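To start, the structure itself, in structure tokens.
Going in written order, the chains are labelled A, B and C, and every chain counts its residues from 1.
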Amino acid sequence: MDLLIASLPLLGGGVWITLQLAVLAAMVATVLGLAIAFAQLFGGLVLRIVAEAYLYIARGVPLLVLLFAMYYALPYAGIMVEPMSGGVLVIGLYFAAFMADVFRGAMLAVAQGQWEAGRAIGLRTPTILVDIVLPQALRVAGPPYVNTLIMLVKGTSLVSVIGLSDVTFVGRQIIERTLAPFEIFGAVAAVYFVICFALSRCGAYLERRASFVH
Amino acid sequence: MSSEITLIGRIAPVLAEGLYMTLELSVLAIVLSALWAIPVVLTLISPRRPLALVARAYIEVVRNTPVLVQMYFIFFGSSILGYRLTGFVAGLIALTLQNGAYIAEIYRAGIQSVSQRQTESGLAIGLTPREAFWVIVFPQALRKVVPSLANQGVVIIKDTSLVATLSVAELTFEARLLVDRTAAVYEIFLTLALLYMVITGVFSGLMRLVERRLRIVQ
Amino acid sequence: MQPPAASAEIEIRNLSKWYGTHQVLKSLSTDVRRSEAVVLIGPSGSGKTTFLRCINLLEQFQEGEIRIGGESMGYQTDATGRRRRRSERDIARLRAKVGMVFQSFNLFPHMTALKNVALGPVRVNGMARREAEELAASLLARVGLADKLDVVPGRLSGGQQQRVAIARALAMSPKAMLFDEVTSALDPELVAEVLDVMGQLREDGMTMVIVTHEMAFARAFANRILFMADGKILEQGPPAELFGDPKTARLQAFLKRFREGHQL
């Protein structure tokens, strides 16, 4: 117990890194995910193929492999990347694929009849999107979006393997010196649990709200 | 040209061993998770409130913490308790606990999607509630959940890469070793990525076949 | 076949449509005169709904011409005789002149009735929001929903939703209105309120093209009935003629099934 208290400052630093990683990567993933979803829905053949290839890779390759690739391969090519920026980029790019699935699914969930009703009164595609379809799609997208965020937060723990001092890395460091795995990793797990559980409550709330649309 | 052949000659056997380990781990984790999820889901939907709550708590804890942390917890925790587990076993247990929870939820969704009327028909012809469940509800639920199970299987295969952090000689671990030794960074990581895509691709393809088979039977 | 009238609101010439190799509309021609109420009847698969949806180009057609108020909808033949699709802006503009009411209402669920109706005038006609909402309020009153202005579709009955849909179409001051099986999705006791509104529109002189399988309504309401089967117009004429003296075997069989109480 004393050990835990003594470790708090270190763990706190790790938590801070984890939070930064999660927030920044989430922003990258959301923006890129939207772009990919739009490419799939409205893009020409080339864009759609590129998007599909991107999704196929992200679905088939483990995040850890991508992080290693970034960590080892980029310096080899002469590109020096800070672990933090690199981590944000790789995690963001990886989860952008899942975000794209969420957004595309939400757009497709809006009934075709909504598009037709908009066209029937003479609206054009941009107006139909902004006024009619997107408001409905966003409501549907809420819960799966939050679920993907939870996966992303858990995914940030992998940066510990490439030496970035997130809370998991700090935990492992402390263990190797002091051998109190239950307390320390228990605390580390608790940190993630608090964040993810809070997110999942948001998701449950959004789920209730989403059902009013239909 | 010959240097490339030597390179392949050095890399291939090592990666092959890693591949074997990854496949072994994946198959075990998938099977064990799918099996472990059965008692979990039965507890989850049990009418006895305290039991259901325990299952719910387990699922929530496991789903809201990273599997990597769970692996460390089990691996390092086991040595303190005196029963030192190998990285392989610790990783396997963590993967099973984590994915068992997700699969239990998948089972639950499948079961609850089978209409109540099915159970009622079963009871009406004289089956006990337990018989009605196993004979009528469970097979139908199973067919409905195959796509979600396929997804979870892919997740499991990818997560086996994490046991590299516990020095288990699977694919990712061996690849990293090779990079240190041969400095053929691009080739190795490219091959690594391709291998994973092939494994997950083949697995997904198999699951689609299973899905089609089940649908024909129905 | 009627000779084309000078003041036909909708003119259709040799309209043909294929799905792949299957021809679903076979060189259809007809005119809809101003203030005429034309009702399309026929067995399922006859193409009547597809025909209707071609008029406001929700379905594309490969051959033929549709003119709305004299203007060609969707396609133009240029100087070299080639058929070209018109700009999206022109198509949208023409669509605004033809109102459509759908079987499944298709109201915008995240907007109140008032906003559903006001959206078109604001976004398409550039009306000021306040003016548009006044217009919307008066239209909703006209269909009997003055007390439901701020209610969302989710809280309205099917009949009420369909009436909002009619008001939404009216808000664009259309030259003609298309009705696609608008009572099929309604509980029987809610059908009357919608048919009443349609009757009012007709009295006010609206040009209407209606697809329905409510035969009693078709008979009472139509100026002219078109009986379609297999993508062709087999018979047309005033209701008394078509129902009282069907000339083709196909129509006779169709009406017989109806009289025997089969739902179509």
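Operating definition for what follows: a residue touches a chain if its C-beta (ideal position, glycine included) is under 8 Å from a C-beta of that chain, and two chains touch if they have at least 3 such contacts.
Only a predicted model underlies this, so the values are computations on that prediction, with no experimental measurement involved.
**Q** Using CA atom means as chain centres, which chain is nearest the centre of all the protein shown?
**A** Taking the mean of all protein C-alpha atoms as reference, the closest chain is A.
**Q** Between A-C and A-B, name the chain pair that shares the greater number of C-beta pairs in contact.
**A** By the number of C-beta pairs in contact, the winner is A-B.
**Q** What is the distance in Å between the mean C-alpha positions of subunit B and subunit C?
**A** That pair's centroid distance is 54 Å.
**Q** Quick one: report the Å distance separating subunit A from subunit C, using the average Cα coordinate of each chain.
**A** 46
**Q** Express in whole angstrom the distance between the two chain centres, defined as the mean CA positions of subunit A and subunit B.
**A** Distance between chain centres, rounded to whole Å: 21 Å.
**Q** Considering subunit B alone, which of its residues make contact with at least two other chains?
**A** There are none in subunit B.
**Q** For a test of understanding, state which residues of subunit C touch subunit A in their complex under the given definition.
**A** 56, 58, 88-89, 92-100, 102, 104, 106-110, 119-120, 123-124, 154, 165, 168-169, 171-172
**Q** Which of the residues in subunit A end up touching subunit B in this complex?
**A** The contact residues of subunit A facing subunit B are 56-57, 59-66, 68-69, 72-73, 76, 150, 154-155, 157-158, 160-161, 168, 171-172, 175, 179-182, 185-186, 188-189, 192-193, 196-197, 200.
**Q** Within their complex, state which residues of subunit B touch subunit A.
**A** 60-61, 63-70, 72-73, 76-77, 79-80, 154, 158-159, 161-162, 164-165, 172, 175-176, 179, 183, 185-186, 189, 192-193, 196-197, 200-201
**Q** In the complex formed with subunit C, which residues of subunit A make contact?
**A** 111, 113-114, 116-117, 119-125, 127, 131-132, 135-136, 139, 212-214
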